[in-house]
Amino acid sequence: QDVTLQLKWVTQAQFAGYYVAQAKGFYEEEGLNVTIKPGGPDIAPTQVIAGGGADVVVEWMPAALAAREKGLPLVNIAQPFKSSGMMLTCLAESGITTPADFADKTLGVWFFGNEYPFLSWMSQLNLKTDGSAGGVTVLKQGFNVDPLLQKQAACISTMTYNEYWQVIDAGIAESDLITFKYQDQGVATMEDGLYVLEENLADPAFEEKMVKFVRASMKGWKYAEENADEAAMIVLENDETGAQTESHQKRMMSEVAKLTAGSNGALDPADYERTVASLLSPGSDPVISKAPEGAWTHAISDKALQ
Amino acid sequence: MKDTTHTGSAVIEARNLDLTFQTGDGPVHALRDVNLTINKGDFVSFIGPSGCGKTTFLRCIAALEHPTGGTLTVNGLTPDEARMKRAYGYVFQAAGLYPWRTIAGNVKLPLEIMGFSKADQQARVDRVLDLVELSGFGGKFPWQLSGGMQQRASIARALAFDADILLMDEPFGALDEIVRDRLNEEVLKLWARTGKTIGFVTHSIPEAVYLSTKIVVMSPRPGRITDVIDSPLPKERPLDIRDSREFIEIAHRVREGLRAGHQDD
Amino acid sequence: MSWLIGATLFWLAAWALNVRLAASRFGATRAGRITVAALFGITLLVLWEGLVRGFAVSPIILPGPSVIGPKIASSLPILWADFVQTVIKGALTGFAIGALAAFAAAIAIDRSPFLQKGLLPIGNFVSALPIVGLAPVLVMWFGFDWQSKAAVVVVMVFFPLLVNMVAGLQATDRLHRDLMATYSATYTQRLLKLRLPAAMPFFFNGLKIAATLALIGAIVAEFFGSPIVGMGFRISTEVGKLGLDMVWATIAVAALSGSALYGLIALIESRVTFWHPSQRK
Amino acid sequence: MTRAMPVLTVLGAIFALWYLAAIWMNATWVYDQAQRAGTTVTLAQVIPQTMAQARPLLPPPHQVAAELWKGVTAQAITSKRSLVYHGYVTFRGTMMGFALGIVLGVALAMAIVRFRVMELSVMPWAIISQTIPIVALAPMILTVSNQIGIDNREVPKAIISAYLSFFPVLVSMVKGLRSPDHMQLDLLSTYGASDGQTFRKLRLPASLPYFFASLKVAIAAALIGTIVGELPTGAIEGLGARMLIGSQFGEPLIMWAALFAAAILAGGLILIVGLIERMAQARMGVPA
Amino acid sequence: MKDTTHTGSAVIEARNLDLTFQTGDGPVHALRDVNLTINKGDFVSFIGPSGCGKTTFLRCIAALEHPTGGTLTVNGLTPDEARMKRAYGYVFQAAGLYPWRTIAGNVKLPLEIMGFSKADQQARVDRVLDLVELSGFGGKFPWQLSGGMQQRASIARALAFDADILLMDEPFGALDEIVRDRLNEEVLKLWARTGKTIGFVTHSIPEAVYLSTKIVVMSPRPGRITDVIDSPLPKERPLDIRDSREFIEIAHRVREGLRAGHQDD
């Protein structure tokens, strides 16, 4: 049985569970032939699945819910990431100590569907993002942490497992940095869930395939959590660009393990409700206009985790 | 105007020929009421000021232009039909060799198009290159030859497929007088040898008088024939015939005809 | 299905009409040429719409013109802001700076045969390089705002223009040069009265190539960081949000601005180099 | 030698400027770091530190060269870490796009020269097509080709590359196919040559110099297209992907090395096309 | 070889002039041992086969080429010095008008460069355009004029700034015989009126004989002077002087000289 998985970003330890499941033969044991497609700057997993380019995608929940409202009925079938790894990392010298200090500062944000958590956070903080006085100036952050190093922004978006360490590696001490984790601010949204198209789930054969897929993937994730270094090496072997480094991936794996810890693969409805609430929160431009229905199911994870 | 009708072996017959070009700023009357008969074996020169329609008339004969009035027959056929029968060899004012073909390749071009056999092609190329004294230069590219040699190659190209009628539009315009004299002699020899019918456009009065059996003087706006002079010179013409009284008299008549045409404007 | 057939029929009919138009006297006029081109463009749109509807392509993948059109109409303020950011501030500024710099550099190195021999091969080489690759570097150097976009555009247009301009300055007729020599004209006189006018067709040729490069450069550079306005920003965020109608609306604006810039250059060219054979009828 | 001298001098000047700029640009970081550490540094201490940073704003030439060398020689050329491998991927994409672009450009040019309708309707749109930022289309080309069942990532890359490279070929070929003058055409007319013969014996050979001249522009455009295509469409392999990943993972040296590898590839391609052009010219009898 | 040394009002003096071009495939000996004296008010024609060095010699006089041997003086100065003194008006074989300037603008060009006053410029342009019968065409662009008119404009341009020496390189090569005749008459008139010294290159024997006080016949490889003929024709020359015995005799001598040069190759 063929399964195509579309990742959200390039090959890195963020997706170690799937590569481990692949390399360790967990998929094979389930009788699956899985193709893992790396993502990239211009690849929207939602668009890929809409175009039939994948059976299942790794996506962040805000983007998935937004797509659902746009008429693409995505359903969360599993949630290997328990916690959010996103944060804003600020230079201490910018004078920011609390979120209240963001006013009139320049903040770097990822767009491409990744801006939703930030926007809902800002609207909770009552900070305007349109550049007007008293609000924040938003920069579309590229693919690296240069804006912080060049002091073009006071804070930039980072993942606990990736960009944050690049700032550190660049030579800035942790003591020179202030970080705000979305998780700690109570605005965390679910990251890196597995989504499929609703209409496909109606097909029992597909459902069964997904059950196997989720089971094997979670096995991969748990293996990766326990054998972080080995998992990192597996990721490295799958990196077709050959530009990733061992130390970086090992560290990323150990950080990712902290985020996947506590998830058995099933989506926690409470997390879901919190995400939806934060996305619906009052503000000039809410990400979704009404609470979605049927956006997740335990049907797959329940069977997979028996 | 003189009617130049003849009977007998007429190869080209123009009757009340008219041609008007439609251009951006109004019609141009290039030929008006042209009557001319050219007989087999004639060497006819056309002379007249710039823009009087010499080229246009030659192009009509070769079916490159189509008259807007009157009739024109070539061997009793329309020019288009005659073209299909390979009736013409046309030599343009500039040599117009294709730069990407060797001299031999250029001469071969019409043969390829007309579907001559490979062996025949080679034989003909050799023969005509010999005729214009270019044997040994077949493998050269045009730019490796002097202007005069290029011009001879273009004549060879027109001769290669044995057309009955050779039309030459100022073929020697760009050459110096000495080379020109030499080529004039050669054309005369060729004509004597092959008995082709030749139409020849020139700006040079001595050239016209030296070469022709019949000189057609034209005048412009609209282009028409003002004089047709039958040359009394013998068929054998050494170069110094040009210093003879007879020659000078014809030249004088041609010059007067030309000047009359120029006075109009 | 009926959509497919309808679109195909429209195509055939429009093509037949165009064939007739092209052969007619009307087809030779300016209005005729525009009509034929416009009809062809409309045919493309109809075919597009027909295919999208006929195959029921999801608007998340490829929206039809009937979706994009209204989107353009309803998003004019955003599109305008993006246009100002990317085209006016980024592309045009960079284009102007690059063109002026190339012009000045060409005249400067024109005086020195040594520099010409040294710079031209390098310029030729550089103008063939994939300069867009420099976009992330320049964003790093010049910051997020339009300055870095303009910098990318400057680098992209500079070398093609320089090479063209230097070639143009040397493209004078030997006859025209000799004439200047018989007058004992000074360097400046030669430059102003002979070489600059003679170089203009080359310069404009370069400008036309550079015009399309400028837009591509400005937009690509926005992918590597930008303020939250701009055509590249719009495209890269809307794709992620599945706002394909907005993406196409932006593409339409880009094509329109590019064509307008090209047309403007062609117009100025026809004024400045009216004497060149290619500009005469 | 007389031809190389000026080029070498200018290159030397460029290198000198490059070093100066590297010192100047990278010094900011050294000073910042010193400030964060609460120490002061002298210029003599700064300069060596600007020459060997891990994340230089502008790496000095020798650092780029070392990285290039490492990328080429430090591993088997089939390794995914080898620049030769990624260069080859980009080269393949470029060649595919180039070939596609040539075919498209020549075919369109032939149609445009033959049919007036084609000229009137297609030509303006061909120009407009070049003003569309292809980068914007790249992801859509990817999904659409995905949907119609083309799973190979090379294909969208080649399409993007062809999209940029067909235009110079088209423009030159139209010019070239139209370059025979009236006399050359009339000559064939007097032979009663058919349309096909006119095309084969006259228009086609006459257009060849234009064709070859356009190839240099087209190959450069194809390379740009491929690299742009490698940036967003997956960023998996190829020099474009290396540039992106280098930028993403804060490894500017990887990016610079990829940039220069692309430059070298471009130079090689131009050289080869130039060579082919010269060989063709020799066969066509163009004076040397 | 004849030594053509004169004393008195010599304007141009060439002594043992030599010029060798260094080209890719070896040196080309373009001029060898050329001795010639041109006096004030002379009308000197240069005639000879293609490539014999006529243009090269004229270019040497105008300091556009520099001899590799011998001496050349113009009014006792070197050609370069003479150029600085605006000694030359040069008419090239092709009209060579600047396409981005109107006819008047083209004629004005040398005046602008030499710093004439605005008013003077306009007056001179009007005068010379009148002289070559182009008044009324000053506002037109070159391509809007016929070849003959362009050639006249280029003559006007050379006349505008009153150079002592007028050098003309096949100025009428591209024109038809009638227009050429007319321009020949005009050049003669101009020369008679202004007393300029004129150097004139042509391929046409009648033209050379008709115009000149001195005909220089040259032969190629290497370019050298084979004959210098002082014309006995009067200064007043109606066109039909060309049918006179004297004229025909000089023409004959020139033709013989030319033919001798051609025999060499």
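Per-chain residue numbering starts at 1, and chain names A, B, C, D and E are given in the order in which the chains are listed.
FYI, a residue touches a chain if its C-beta (ideal position, glycine included) is under 8 Å from a C-beta of that chain, and two chains touch if they have at least 3 such contacts.
Remember, predicted model here, so these are calculated numbers, not experimental data.
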Steps in the shortest chain-to-chain touch route ending at subunit D and beginning at subunit B: 1
Chain pair whose interface holds the most contacting C-beta pairs: C-D
Rounded Å distance, subunit B centre to subunit C centre (Cα mean): 51
Subunit A-subunit E separation of Cα centroids, rounded to whole Å: 86
Interchain centroid distance [CA atoms averaged], subunit B/subunit E, Å: 33
Residues within subunit E bordering two or more other chains: none
Multi-partner residues of subunit C (each touching 2 or more other chains): 61, 136, 140, 223-224, 239
Contacts with 2+ other chains: residues of subunit A: 41-42, 44, 47, 50-51, 142-144, 146
Contact pairs between chains, per stated definition: A-C, A-D, B-D, B-E, C-D, C-E
In the complex, subunit B residues that touch subunit E: 49-50, 146-147, 176-179, 203-205, 243, 248, 252, 258-259, 262
Residue ranges of subunit D touching subunit C (in the complex, touch as defined): 3, 5-11, 14, 25, 57-58, 115-117, 119-125, 127-128, 130-137, 139-140, 143-144, 147, 216, 219-220, 223-224, 227-228, 231-232, 239-240, 243-244, 247, 252, 255-256, 258-259, 262-263, 266-267, 270
Contact footprint of subunit E on subunit C as seen in their complex: 173, 175-176, 178-185, 189, 193-194, 197, 200, 273-277, 280
Subunit C-touching residues of subunit A, taken from the complex the two chains share: 41-42, 44, 46-47, 50-51, 63, 66-67, 70-72, 109, 111-115, 129, 131, 137-144, 146-147, 150, 152
For the subunit D and subunit B complex, residues of the former touching the latter: 183-184, 186-193, 197, 201-202, 205-206, 208, 284-287
